[in-house]
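Paired with subunit B in one complex and with subunit C in the other, subunit A is shared by the two complexes that follow.
Entry: the complex of A and B
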């Protein structure tokens, strides 16, 4: 018995060590560094809440955080609106033969580099590119472009995260039995009732993981805004990034990270409670 | 359920068009002679020639491939060990452990990348190959465990007991009975790990040594400077490669019924 305990312990050692040293410890250092003024990262540095005070006073944090949350929220909402019918169609309407192919097609972008997805969307939207040429036929100036606006960032994020939402919803819709839908139909439930009382509560675990998998990274995105957001495209992610790669203010950057994580935690808890509550009442 | 669903059909067409139109346009543009990716369309393969003769993208691609292979091979070993250990541990520990493991997925990579850079600076490692390796490894590990652990739980334990009772050592029982049983999941986990590492821009952006450019970093720099038509050729090739890999994962039985998440 003790021998098997020892071997279990040895099996778990590498990954436990990695989690401790590469997740827990870095986060602890992040919090520590957020209490340091400027860039002097040393054990004996003077600690203060100065960074937090500056951030909250300067007033750039709240508008950018709000903008990121609005962006992530609208991307998530658009993902849900498009992914629900698609996932339902994949799970319940498409024949067995086509289903496999269609699911594989959804997975392909998921396996393709994020940078290439951003880039291909930029090619599509660029001035004199396909979309603008098409709009040009309807009297818009083809040499202007919707690229380098917030809307372009929205489209790119939607493009990147839509497959995640479809896959999450699809996997939980596969578990809904056809008989449950039939039963609801026989009992006289219309399409709306069937969705609200059967499909939605039973697919809510997938919806919940989909929302978290889309919302959290979208709120922390900065590459899309850097590349396609133009001059007014700054998001909280890009603000955090500039503190490390442009203006080099490590203490403030870390404090921003900590605040950002806190906001995300609160929002994740709220989403969790809301979805569980609504779905639970419907069950 | 053989009815017509006009609304669902329409949404599905829109979704698939939205997902594949950009990829399709990029593939088309990779054969277009125009430098700026604009119409009219003139057929040419010169961007593919430039892709293979120009040094920057080719070098970055090789660096990314061997680096991702190294991360994948080591993390598949660690991931399988972890799954074996998790199955033997008590439920309470397993729950805490998987919650912690999921944190590696849920924390935005931006924050994790910054936090890792801080701790590496703090201990004097800084931006280095070792740091980049460790950072990518911790991002990849949860995916391997997420795929391998459920497969291990579904495996019939009696086979292993039988092998042990017949006198096989634990190691021999693992390699001749357990590993073949979970091999599809291990392979799928490995492919997933490779793709996640290969495409992980954010972590590499913060942890790559100065002057070293992996493929995502190289593409980022090229896109930021302006439109570069040889990226079209590269993107086309990479989409084809990922299509082949997705097909492989699917063949291994982890595409349709089981979700990748």
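Entry: the complex of A and C
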């Protein structure tokens, strides 16, 4: 090994060490803990697949996982629909003078704690609250509310994750030259074709990272569901949380985490392949 | 193929008037160069033809048909952008095929026309390449092929060669001219490079301050400019201000014989003498004497700095002729041609 190679390794040591310590090691502990029974977290504990068998027997995992995926999927889809025009407007229609201010306005929710965001949304949505009172003007009963339904959870998640999607799409759209859009237009491309043939393929890297940044945490979310989801609001995240905080069954909680992680890995790979396939169909 | 007519086009950005009533015509198959310093409005004028810029007033007519109100995508105009604006996510073939796909050209015809366009720009065999694999000159050719493949009425070129190395640029000047002649398309070319405009165009339109101030063949624009700005902008000139009297310009103790000019005696004038129009002769044989102060080697020619009384003049002479002239020696000057404008 030459000297420069050695120094490269030394330079990489802190980051590699961090990764090993904070990602690989906890994952190993997670897998290990998923193989123990109850809370007997000792090195000489008897290992078995018992937790996994119980989970599959109980039959709660797949319905809740499915519900979480559906929730995360619809939140992601709504984010994409809302964020595309916003990001396009920011990157291509707004003058440079106002652009930074508008981006800051989009980032502002990040400065507030997540719990505060959820509670303020609940205040807005509650019976006789501002939203319901406004709807009351149009003949809806203002003393009822969509709060404590799955739709309320959807709205809160959408509100929380929309800025991430906007920023991801915005940054990749800024890289599209105006002249590329003009070139397409001069050659005869109308609005729809310009979007499909130029904007979409050239912003697909941003779309991909946006989807992953929104979908993965939304699928694992549980605070929103616990606070605003009502009695039928349980998601896979809530189920995992219950095993740690209520029934104190660490082994089963960890097994649930491992299963959840595997499902998300598979889904991320599928999303990646689909986006690349769609955007790159003309390559 | 079509002719182009622009009638009294005006455009302002806020209080700044960029186009102050510009009119021009281009016959079918003609090659026009819009030449001017940056900020003269030449690109804005070009963009009003494609529709990227909407003019405040005036008309753009293609074959007598007013397209001023048509949307960009309906104008059937080909544009080569300064930075090419190719689609990096498509290969060479798909870039060139794109306008034909928009027009739903049948597959066999599409293949044949893309092949033909690539052949015209001498890129046969490049169809499957990715844009990122091409050099600047090759990207330029793809952009050109893409702009002509759908047979637009007018071809617009917005400083297409300015990003290229000198040698490739000179090659591409010849290529663009050849392709333009071959397909006979009416072309408007924007450039700030006077050499490019003079060598490529049928007609040079010199723009200054949002107006066309000169519209003539390259030779006429160069040899007989109609304004002091044109005389100064095209080619390097000695500029002298003084009084015109009997075929001479008296400026700062210097009496330069400039020949009979169409200005009245005693008028204040600006005289412009192109550097190559100042001939150096042995002492006693010319009209006024000067001393060589410096020689600047430019390759095929030499720029000589001359002290003539209080004045500094520049002369451009072929390198071979400059060899015997040494710094510090005395020479005589003769003015071989001058442009004189009343002030």
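The rule is short, and it goes like this: the second predicted complex is superposed on the first by the 265 of 283 C-alpha atoms of A that agree within 3 Å, B and C clash if a C-alpha of one lies under 4 Å from a C-alpha of the other, contacts with A are read in each partner's own complex, and residues count from 1 in each chain.
FYI, contacts are C-beta pairs under 8 Å (C-beta built on N, C-alpha and C of every residue); 3 or more make two chains touch, one makes a residue touch a chain.
Please read these numbers as outputs of a predicted model, since none were measured by experiment.
Applying the stated contact rule after C-alpha superposition, one finds that A:269 touches neither subunit B nor subunit C. Of the two partners subunit B and subunit C, more residues of subunit A are touched by B. By the touch criterion defined above, A:88 reaches subunit B but does not reach subunit C. Looking at the shared chain after the overlay, A:189 reaches subunit C, while subunit B stays out of its contact range. Look at A:49: by the touch rule set out above, it reaches neither subunit B nor subunit C. By the touch criterion defined above, A:201 lies against subunit C but remains apart from subunit B after alignment on the C-alpha atoms of chain A.
Contacts of A:279 after superposition: subunit C is touched, whereas subunit B is not reached. On the subunit B side of its complex with subunit A, the touching residues are 1, 5, 7-9, 11-12, 14-16, 18-23, 25-26, 29, 36-39, 78-79, 81-82, 84-86, 88-89, 97, 100-101, 103-104, 106-112, 114-119, 121-122, 134-135, 137-138, 141, 145, 170, 195, 198-199, 201-202, 206, 215-216, 219-220, 223-224, 227, 231-232, 234-235, 238-239, 242-243, 245-247, 249-250, 255-261.
Note for the complex: subunit C touches subunit A at residues 50-52, 72-79, 81-83, 85-91, 94, 98-99, 102-103, 146, 150. For subunit A in complex with subunit C, the touching residues are 177, 179-180, 182-190, 193, 197-198, 201-202, 279-280, 282-283.
The residues of subunit A lying in touch with subunit B in their complex are 4, 7-12, 14-16, 18-19, 22-27, 29-30, 33, 41, 82-83, 85-86, 88-90, 92-93, 99-100, 102-124, 126, 128-130, 133, 159, 162-164, 166-168, 170-171, 174, 178, 209, 212-213, 216-217, 219-223, 226-227, 237, 240-241, 244, 250, 253-254, 257, 260-261, 264, 268.
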